[in-house]
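Some notes on the structure that comes next.
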Amino acid sequence: MKDASFIQSLFSIFLLFSDTASVAADPNLLQDLCVADLNSTLRVNGFACKPTATVSEADFSYAGLATAGDTNSTVVGSKASAATVEKIPGLNTLGISMARVDYAPGGVNPPHTHSRATGIAFVLEGTLEVGFITTANKLISKTISAGEVFVFPRGLVHFQRNTGTTPAAALAAFNSQLPGTQSLALTLFTASPAVPEDVLEKAFQIGSNEVDKIKDRLHPK
Amino acid sequence: MKDASFIQSLFSIFLLFSDTASVAADPNLLQDLCVADLNSTLRVNGFACKPTATVSEADFSYAGLATAGDTNSTVVGSKASAATVEKIPGLNTLGISMARVDYAPGGVNPPHTHSRATGIAFVLEGTLEVGFITTANKLISKTISAGEVFVFPRGLVHFQRNTGTTPAAALAAFNSQLPGTQSLALTLFTASPAVPEDVLEKAFQIGSNEVDKIKDRLHPK
Amino acid sequence: MKDASFIQSLFSIFLLFSDTASVAADPNLLQDLCVADLNSTLRVNGFACKPTATVSEADFSYAGLATAGDTNSTVVGSKASAATVEKIPGLNTLGISMARVDYAPGGVNPPHTHSRATGIAFVLEGTLEVGFITTANKLISKTISAGEVFVFPRGLVHFQRNTGTTPAAALAAFNSQLPGTQSLALTLFTASPAVPEDVLEKAFQIGSNEVDKIKDRLHPK
Amino acid sequence: MKDASFIQSLFSIFLLFSDTASVAADPNLLQDLCVADLNSTLRVNGFACKPTATVSEADFSYAGLATAGDTNSTVVGSKASAATVEKIPGLNTLGISMARVDYAPGGVNPPHTHSRATGIAFVLEGTLEVGFITTANKLISKTISAGEVFVFPRGLVHFQRNTGTTPAAALAAFNSQLPGTQSLALTLFTASPAVPEDVLEKAFQIGSNEVDKIKDRLHPK
Amino acid sequence: MKDASFIQSLFSIFLLFSDTASVAADPNLLQDLCVADLNSTLRVNGFACKPTATVSEADFSYAGLATAGDTNSTVVGSKASAATVEKIPGLNTLGISMARVDYAPGGVNPPHTHSRATGIAFVLEGTLEVGFITTANKLISKTISAGEVFVFPRGLVHFQRNTGTTPAAALAAFNSQLPGTQSLALTLFTASPAVPEDVLEKAFQIGSNEVDKIKDRLHPK
Amino acid sequence: MKDASFIQSLFSIFLLFSDTASVAADPNLLQDLCVADLNSTLRVNGFACKPTATVSEADFSYAGLATAGDTNSTVVGSKASAATVEKIPGLNTLGISMARVDYAPGGVNPPHTHSRATGIAFVLEGTLEVGFITTANKLISKTISAGEVFVFPRGLVHFQRNTGTTPAAALAAFNSQLPGTQSLALTLFTASPAVPEDVLEKAFQIGSNEVDKIKDRLHPK
């Protein structure tokens, strides 16, 4: 009874930063600007630079975070939009990027990691319960409102959810040009090829029926 | 005819990030968390860490950016508020921080540098003309509105001004826990002890009367 | 009917690298040696250094990886032993560490991340199916035997399992003095305080009964 | 009555490191040598490497600092010569470079920043007043003579002037292959396109006549 | 009476990591994977990346360390095999690599440095005397057996020798994708062109006859 | 017949940078200044910082390179003087340092490595043959005169010798606050405790008599 488009939108959150890695301490720049040549077929660590003559102010700006994402389009009730080097080519070699997340009432940005970046989120509107878990398995969480910020240390599992009755939105910054995101339920249960069932059964101490049920619900039809 | 409190507020912008450094690629962390012990008398690169037992969610959040700064309090018509490791001790070793700048109509955040960080600004409200100058002396600038972002590469001189008829505000992120700021007119004309007059005269190709006039206007009485 | 000691041993794997972070590019050293003073009450990024006069060869060696871990003691059939800066104080500032993992036949090292390090594993004996998942949700996996190596890129979810009928063992190296580990099922379902149930229900698209069942099985009694 | 060639020479100082940035902590090398292929059309962070077979000792040496610059050619009475990766291709990926500055009696190297490097200067001959200003607006300065060294921390505004009655010269080293230089008066008053007049008026608290006068004097005719 | 093939094999140890550099703190990655395109004619710091579509699990594994090297083939009685980015293209940008060294009874891995990496060695079998010398000229050494590990800090001269009566083997990990090796006797006495004799005579306080004798013995005929 | 004081002076060159490490890419600074508190008993990576109130211009300058070292005092005919963080406390966290080397006619700065830094040398007077050896065992060398510069890549073995008939001097810069030096003949033949004779015999393919002779000549009596 799950709607495929719902599931697909769950994926759209997950894939936001895909084919990317994460940040935290990107290598330093070696010149003022090395604006990403996103069309180059050459691949290096990061991106090759556009010819200087073609660089303009458009390479350093982005309007894609101005409007709220459609939180009705996802099963988890949240929708993220990234502003990484893939959208702002001027970010190449500069070690920073942004994202916007919108949340329906009750909406959740499910537990995920950014392998290459610490994140810091500023609440644009609404009220969010936010938290991260340390490697000592301690949850550090707080409920924050519009104008408040919260920090998610590099690589640690974290989440947010809208505990209010109105929509919420947050602006996040990352100290990487491409922070990388692994939404953990999707990573574990929808990877392709699939993670061996036995690995999931042992990890969660569940049976194959339960593994299949989760896979079934999370996989886009 | 300059009001001393006006001048003082110009200083308050300048001193925001003072006694700090700049960002871009802070050293990597060596453990999950090293929450700054801001009261420690020990000084290291960054800050020593608080005992783990005293760490709480309060170390990772901050409410000080929630309200607009008083732009009437400054001669330049802008007011900045920082959220660096000095306000959010949990940022220590994590390589990121934030700031909020409010602008009266016509208000200017005067040309400055962050010696240790690239900045990226998101317009919360209003319309801003923003720009940076490369070491090849090329100005890259743009007018952006609410929801748009713009990038200021590490170490380069940059500025913003409110070109609208209503107040404006921006949220900036930096890839350093303490980005460092040098507001250039103040750095050059109000340092203590003073930069030698002859240096300023030769640099700007002006006479001592003109140097003194600028100093007089910028120095808090 | 789960034996508490079994569950506890699952925890012991998870906690191996706890209170640590992950690696990949630790900051560079500023002197030949800065041997960790593990007894110091001072906490900095990494560890303060012992007095030079007390440094000896014992600070650079470790015998704790010589014998196999007891794989019967865990529900997942694997047992890890770490050789990080916490065991080898000479590793402080040097950006590298090791671990040994033993696997019963069918044993699994469940999906986990190292937030601060890339890992590379060498099979000491037996046959292992090993794999990692990219942020584009692609599984890259292989079955390797004694003497073969496999790479797990920094921050990405990965696992191993013994597909043979005899015990297996692997030696892993990490490019951090303290790589940090989050065993994901345990992180999500056994953190303290608990991750909100609603977050887990939405993430895995399961009901509260199923969440409770997993928590029950994973939590040490 | 300003001579255009004089002004032009002021520019020549300013442009010395142009189209470059500065370093401080360039990324580490990944092989012994990656000699810059200065003729390559490919642009990456830094430079692509020449084929190994074409590398010679000439790539690691430079004679351009051997003779004094013509300090009569500039309005400020100083002349700088850079030995960055653009002159010594072997410096690529190695994180260091040099420059020589000559000063007529009374000559000034006007206030400037290196966005990517700390500098350290050794006085070859003569006597120099040298200084830098911290972000807390404190001037740290000293008069040094032949054989003495002084440090200019990364990103901070600094200057030198010849306080003697004979020519002076200094050799500077930077911890970047391309340190980047912004000579601040020129950056602010001669950028192209121009920094908005209103921004300069507010920053220096001067009128448009004064802004125009400075621009007029600093702009090459 | 020296057999040329013996000498050649001494060289084979020395050249193992040649045309490489060393590690310790390779620059951070900017995406999940940048698998080295070892066939590309383009040279950058490290390697350019293969197209994503051609990446497979084979890029992350290596079987070349599974079997012992032929220690009879060298005059020093040891034989090293490297598993760097040149063998495992997936290591590109990941900052780690491995090597295996086999030792005949009495065999020695002669004094050498890794310019870009700290090493950590795990004894696979046998007994080794291992040591490094600090810049204060202090030898830190120890005899270790199967299962024990020892650390060799970045850049410092170090060695191993088999003090047992049976073959020995060690697995080493480095925190660089290409650690670089300079086997010092060979570097000094067999470089091409030759290091000036006078330099060697003064360094070792020996005569030209003695220099020539060492050169003669170390140079492959 | 060797004079002990001669030998001792050979040592003085070798120990110049001792108890130090090497350079290349020191971690970035996290504030404007962290002037080394050289008297602190606390040891961290680098040095703890002095209280800000005690910082002065003296912390950033040094006069110790102004005069030539006594080249008669050494058997190799060269004498080095370092200006590292141990002499200029303001260099702490800034990633740069300097040294001066004086050479008698025919004097040699014997083959050595800097484990943590690339070096770049500027000839102050005289003529020097300078060179480094790559890990592919290729010597890259050149004869340079006053005013010329040459680069020595991080970690690689290098040397200089005065090929002229008059004294020579060079000023070197390093991209580390404490570059670390291992003068190789001394490291191998005079370490304490001694490197096992068997290791040296096998490395240089010489007998124990020859090892003892070199040790005898290099060891201070």
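Per-chain residue numbering starts at 1, and chain names A, B, C, D, E and F are given in the order in which the chains are listed.
The working rule: contacts are C-beta pairs under 8 Å (C-beta built on N, C-alpha and C of every residue); 3 or more make two chains touch, one makes a residue touch a chain.
Keep in mind the model is a prediction, meaning the values are calculated, not measured.
Between chain D and chain F, the superposing rotation on Cα atoms measures out at 180°, rounded to the nearest 5. When the interfaces B-D and D-E are ranked by C-beta pairs in contact, the top one is B-D.
At the interface between chain E and chain F, two copies of one sequence, more than half of the residue numbers in use are shared by both copies. Chain A and chain D have centres, each the mean of its CA atoms, that are 41 Å apart. With each centre defined as the average position of its C-alpha atoms, the distance from chain A to chain C rounds to 24 Å. Multi-chain contact residues of chain B, defined as those touching 2 or more other chains: 19-21, 24-29, 32, 42, 44-46, 115-116, 131, 134-136, 141, 153-154, 156, 180.
Shown here, the protein chains touch in an arrangement that is not a line, ring, star or fully connected set.
In this structure, the chains touch in the following pairs: A-B, A-C, A-D, A-E, B-C, B-D, B-F, C-E, C-F, D-E, D-F, E-F.
Residue ranges on chain F touching chain C, taken from their complex, read 19-21, 24-27, 42-46, 115-116, 176-178, 180. Chain A contributes residues 24-29, 32-33, 55-58, 60-63, 65-67, 83, 88, 90-91, 94-98, 118-120, 122, 124, 131, 134-136, 140-142, 144-151, 153-154, 156, 171, 173-175 to its touches with chain B in the complex. Put simply, chain D touches chain B in their complex at residues 2, 14-15, 17-22, 25, 75-77, 106, 108, 110-111, 113-116, 129, 131, 133-139, 141, 154-157, 159, 161, 180-196, 198-200, 202-206, 210, 213-214, 217-218. In the complex of the two chains, the chain D residues touching chain E come out as 27-34, 37, 42, 44-46, 48-52, 92-93.
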